[in-house]
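A, B, C and D label the chains in the order they appear, each numbered from 1.
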Amino acid sequence: MTIAQIVFLVISATTLVASILVVTSRKMVHAALWLVLSLGGVAVLFVLLQASFLAVVQVVIYIGAIAILIIFAVMLTRRMMYDTGSPINRYWWAGALAAVLLFAGLVVMLGQIPSITTQASALPIPEGELLSLLGTALVDVNGYMLPFEVASVLLLAALIGSLVVARPMERKTEEGDKR
Amino acid sequence: MDFNFWDPFTWIGEWLLNLLVGWGLAETIALTLLRFAGAVVLALVLLLIGGVLFTWLDRKLSARIQDRLGPNRVGPFGLFQGIADTLKLLTKEDIIPAGADKIVFNLAPLLVTMSVVGIWAVVPFAPTLIGTDLNVGLLYIISVGSIGTLGIMMAGWASNNKFALLGAFRTVAQMVAYEVPMVVVLLVPTMFTGSMSVHAIVEGQSSLWYVALAPVAALIFLTTSIAELGRAPFDLLEAESELVAGFNTEYTGIKWGMFFASEFLHGLTISALTAAIFLGGWQGPGAEARPLLGFVYFMIKTMVVYFGVTLLRFSMPRVRIDQLLDLNWKFLTPLALAAVCVTAVAEKLALATNWSRLGVHIIANVGLLILTLGALWVRARMVRRRFETEQMRLAARSESAAD
Amino acid sequence: MIGPELLAFLVPLPPLLAFFVIVLLTNRKNRLSHRLAVGAMVISWAMAMTIFGLAVSRGDLGHHPIAASVAWLPMGEGVLNLGILIDPLNAITLFFVAWTCLAIFLYSVGYHNFGKPRDPQDRAGLPPKAGGIEPMYARFFAFISLFAFGMLTLSVSDNLLLLFIGWEIMGLCSYLLIGFWYGKDSAKRAMVKAFITTRVGDVFMLLGIAYLYAATGTVNYREILFDEHVLQTLAQMPSVIGGLSAGGLIGLLLFIGTVGKSAQWPLHVWLPDAMEGPTPVSAMIHAATMVSAGVYLMARFFPLVTIGWHEGGALTPTMTLVAVIGAFTALFAATIAVAQNDIKRVLAYSTISQLGYMVAAVGIGAYVAAVFHLVTHAFFKALLFLSSGSVIHGMEHGIHETHDHVDPGDMTNMGGLRRKMPITFWTFLIGGLALSGFPLLTAGFWSKDEILADAFAHGRMVIFVVLALAALLTAFYTMRQITLTFLGKPRTQAAEHAHESVWTMTLPLVVLSVFAVAAGWAGIPDHFPVIGGLIPNWVHGFVGGTLLEHPEAVAFSAVPLLVSISVALGGLLLGWLVYRRVTADAKDPLARLLGPVHTLFKNKYYFDELYDLIFIRPAYWLAETVSYRWIDRGLIDGILHAIGRFALRVGAFLRNVIDLPVINGSADMFSEGVKGAGRGFRVVQTGRVQQYLIVGLLFTGVILSYLLLANP
Amino acid sequence: MIPLSWYLIVAAAMFCIGIYGVLARKNAVGILMGIELMLAAVILNLVAFWRYLTPARISGQAFAVIVFAVAASEAAVGLALIISIYRRRSTVVADEIDILKW
């Protein structure tokens, strides 16, 4: 067992345990913090996969933005801070069953893939150049410009949409108060 | 390797590496270990020397501005005040409030300090002294900084105190918001260099500092950095008059000390980053050949920025939270976007020579500034007019009511 | 290409710009509006004068005119060019158009009482009653700016199409401006009348243009008129009407356009009615621009109208027709003018008469004389109109002072105004003398004399006699006007209290009167006794250069000169003698003298009534009885009603037999079934996202496992 | 060294944990967190496949970036919806948000 494998196992174990805690912990804030840990673990896995840009992006977006957003939302919806009762619903067994079945199915399926045991070859491109390659691929007409543009439009739409959805509708009452 | 007075860093590094390898460690592990050790040493040196010495300077400076004497009891000119304070903090009782979430509560100061120290990994102090030359350095700075936000959030929440929580809320609103123009504006040096590596950015400024090419971007970066730092005039997360002490209200002893130190260190960090990204880092006459000289240059630049920020801190009133967010979303973000666009166009237009670049960029930036001021002027007039008509309306109504 | 070409392109634009700016932006600001309009006109005027100067100083302008064009409208294979042409005719037209327009613009400022407060009783669409500022002041300036644009465009254009555009813009503007006071019924009627009457002529003109384009493939003046070959072809090409060559027919069609625009008999009826507009408009339409445009067209297409004619030869059918109609109109309108009492109406008929002169001159081939008279007439007729406007203005002032409600335009209410309005009197006198051809001094004499001389020299005795008679009548009614208006004693209170107009009105009068006198001196024939040759006959040399062959000056003959002097002086004397002692309520002395003939004159030969009888009534009858009652109500509606009734029957049948029982029944059954099914299935819809997800996931799992297990 | 299968199994496990979270959590924010886990697993898959099978082509990373964008928008809109619902009905329990039924 090489050091890389040990690191991988430790990290992935942490990630998976954190993931399980995300879906089971009683307090939402704790769940969110576990989510941070879990996603951080994924970021480290990215580093192991030599995708350092994605690792950093993972930290920026998932931990810096999404996790904080979630914590923020948890705190804004005040009642949940004092979580009481079961965190899971009546059909949790069905969910668990489905998850287990799916996992089993996926593992079976993975076993059928011939290239599953491939070892990583050395990167054909120096790691430093990956980033500029990715950058050009994203804005290249022959590359991924269209999906990239669509994604940016999606982001814009999400921005405006969430603004509209979450905006308080207290304008009318304010006017009413003035009168 | 012979000892070279002008480049002690490489020498120390080589020596330690050889030592470790000699002990039978693999080279990669040795390198990793050394980096860890380097970060620890750096943090300790900065925390101790910086924390003790610069707080003293800081306090002296603030005292002068506020027409006081400042620390003058412990040691000559009160120089050892910082050490005394540190000792006091270390020996204080560590209180964990009732109802607090213990683990999170204890984790938070660690996280905050970690995030600040983590940034130093990519800061190039001298041509040969850099923790790690990440090719996504700028992004790394942002991402590590956002972990600090998380720490503050956790601190505020775990304290089980509504002022702390409010402080945490404000922090998130402020930091997440100010990250946006910061990220956008960091595209400008990236564009100039063609790389996100901080080292490459410093090297790219060998002939021309980016502050000359993109003054608007530099200004935005500094402003957003101060906001990220949460210092006056943007110190809403711990606005004493409103929130007791903000997110760290419930912290005592060394944990509070960690928040204090990390905030202080963060101030130093943003100064160093500004110096590295916009002021040419260690660049200066003779720095290439003599890394030690480069280190000195870098420190001088950092100090200049740091005391600029400090002066700002003691001379500006605190803004209101809505003003703070307005400033970010309605002013800095559009301006940052405009600055990026303008810079991109100007860079395309300019010839490769320094003078041409300088001229075109200065013209572009001045044009941008004039446009911005014009827009501000128009807006101010509109606001004033609306206010006046509102006043008139109110006056008329009160008159009619009196009738 | 900054040069005369660009300048010529730019000449018409300032007024157009002024029009749009006023209409779109400044129509609430009177001062700004008139500044814009007058300023634009001044710019145009300055440019026009520059061009005129350049054109005059350029030698042999006729053969080397200032011309330029740009591609404008792609049409099939070719391209229509939009261009400018400054040849002698255009240059001189531009000259008088610019001057008179500028004078009229300036005059309008005073005429519409600028500077006075707005009278709250005034309504938009009615003339201001008590000397307040015109309610639609800015609008007026917008319209006349557009009008000036039309005329300037026409004056610099180098092709028939652009000319037609300017022509039609003026048609529109005359419509708008005659009906400027649209609150008056008479103005409304007049505007429609003017528009429709001129439209009759324009249709023929458009036909002529189309024919010309079809025959030659171009509408550019120079390509048609300066090309011997093309003219020859046109002269020899037979036309659809026997006996006329294609060129002759085109000339005839274009001439009908002129008849409409220049108010020649029988399409003259609109022009007197056009007096309903404000006086500057009358001056604009009747002197400087629109009616001149008709004669300009004739002069412009002189080579085409006179196609197949050589100097000194027999007249072609087209020319004969033109000459006869012109001469007839000249006499005919003059007789009507004698019996009119409205000061502007007299001038209107006088204009028709003078235009007849010019047309007749073109018809007998006296090209230079026609153009010369066009120019001089533009000046003195503009002067007369503006003066008469000043008179009316003064009278209105008097009416306002005395509350003596009389018609301010009726000459029988005036008298003795020479003391009240000295500047107006003198300028009117100069204009009137010029119009009647007061010998030697005035412009009218020289130009009119040249026409008569030409007619006499070439032996067109009938024309000569008719025109001489008309000239006699002209002098007579002019003197009648002067006598009734200015001489003698005031016949009403209002005339007693009239007073002189403001400087913006009198200044143009003075300027124009200078031209009314001096414009003639440029065209004194070289062979004239005593003073001939003192001033070179510049007009002849310059204007004649427009034509391919330079026309020869007619030899001097004493007969037409004597005739012309005697009719002018005789008419003036007669007019003064007859009208010098008219008292307040006396009948017109001429009515006593002529009896029923005078009635005929006064009622304009009953032409309006005639047209009403033969055109308007039948049209109404056709529209109301035939179209509306018989065809529309009876035939078309009847068929529609029948179809409708039939459709109703069919519909009722379909509904009762097929729709209700069969279709509705089955639809009801279906919908009941859906309702029932819905009631049954709605249990499934729990509204809980997670349950849906589980179901979806299970389903996906089933499909996936089938796919994986069934075909591995 | 680490074979591809390890990454894939970790990703699959994470995905299934996410699914369980989505299906079993009462709290809407918890459901959202489950979704985030699933998306992270997907990205991990993409990157792993890129690294092992087509390292010369950048498509795996490119699509990972796009999935990041999708994840961010999803989180923003989802949280906005949750906050909006909380304002109106003062609950974030998914089972109680069932006004769409019947």
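Rule of thumb we're sticking to: contacts are C-beta pairs under 8 Å (C-beta built on N, C-alpha and C of every residue); 3 or more make two chains touch, one makes a residue touch a chain.
What you are looking at is a predicted structure, and each value in this text was computed from that prediction instead of being measured.
**Q** Would you mind telling me which chain pair, A-C or C-D, is linked by more contacting C-beta pairs?
**A** C-D
**Q** If you average the C-alpha positions per chain, which one ends up nearest the average over all of them?
**A** Smallest centre-to-centre distance to the global C-alpha mean: chain C.
**Q** Report, in whole Å, the distance between the mean C-alpha point of chain C and the mean C-alpha point of chain D.
**A** 79
**Q** Distance from the CA centroid of chain A to that of chain B, rounded to the nearest Å?
**A** Using C-alpha averages as centres, the distance is 28 Å.
**Q** Specify, in ascending order, the residues of chain A that touch 2 or more different other chains.
**A** Residue numbers touching two or more other chains: 53, 57, 65, 69, 72, 89, 91, 94-95, 98, 102.
**Q** Show the residues in chain B shared as contacts by 2 or more other chains, in ascending order.
**A** Correct list: empty.
**Q** I need the residues of chain C touching at least two other chains; which ones are they?
**A** Expected reply: 690, 694, 697.
**Q** In the complex formed with chain C, which residues of chain D make contact?
**A** The contact residues of chain D facing chain C are 19, 22-24, 31, 94-95, 97-102.
**Q** Where on chain A is chain B touching in the complex?
**A** So the residues of chain A touching chain B come out as 3, 27, 29-30, 33, 36, 52-53, 56-57, 59-60, 63-65, 67-69, 71-72, 75, 127-128, 131-132.
**Q** Any idea which chain C residues touch chain D in the complex?
**A** Checking each residue of chain C against chain D gives 682, 685-690, 693-694, 697.
**Q** Per the contact definition, I'd like the list of chain A residues that touch chain C in the complex.
**A** These residues of chain A touch chain C: 89, 91, 94-95, 98, 101-102, 105, 108-109, 112.
**Q** Sort out for me which residues of chain D touch chain A in the complex.
**A** Residue list for chain D touching chain A: 1-10, 12-27, 29-30, 32-34, 36-37, 40, 43-44, 47-48, 50-53, 55-56, 58-59, 61-66, 68-77, 79-84, 86-87, 90-92, 94-95.
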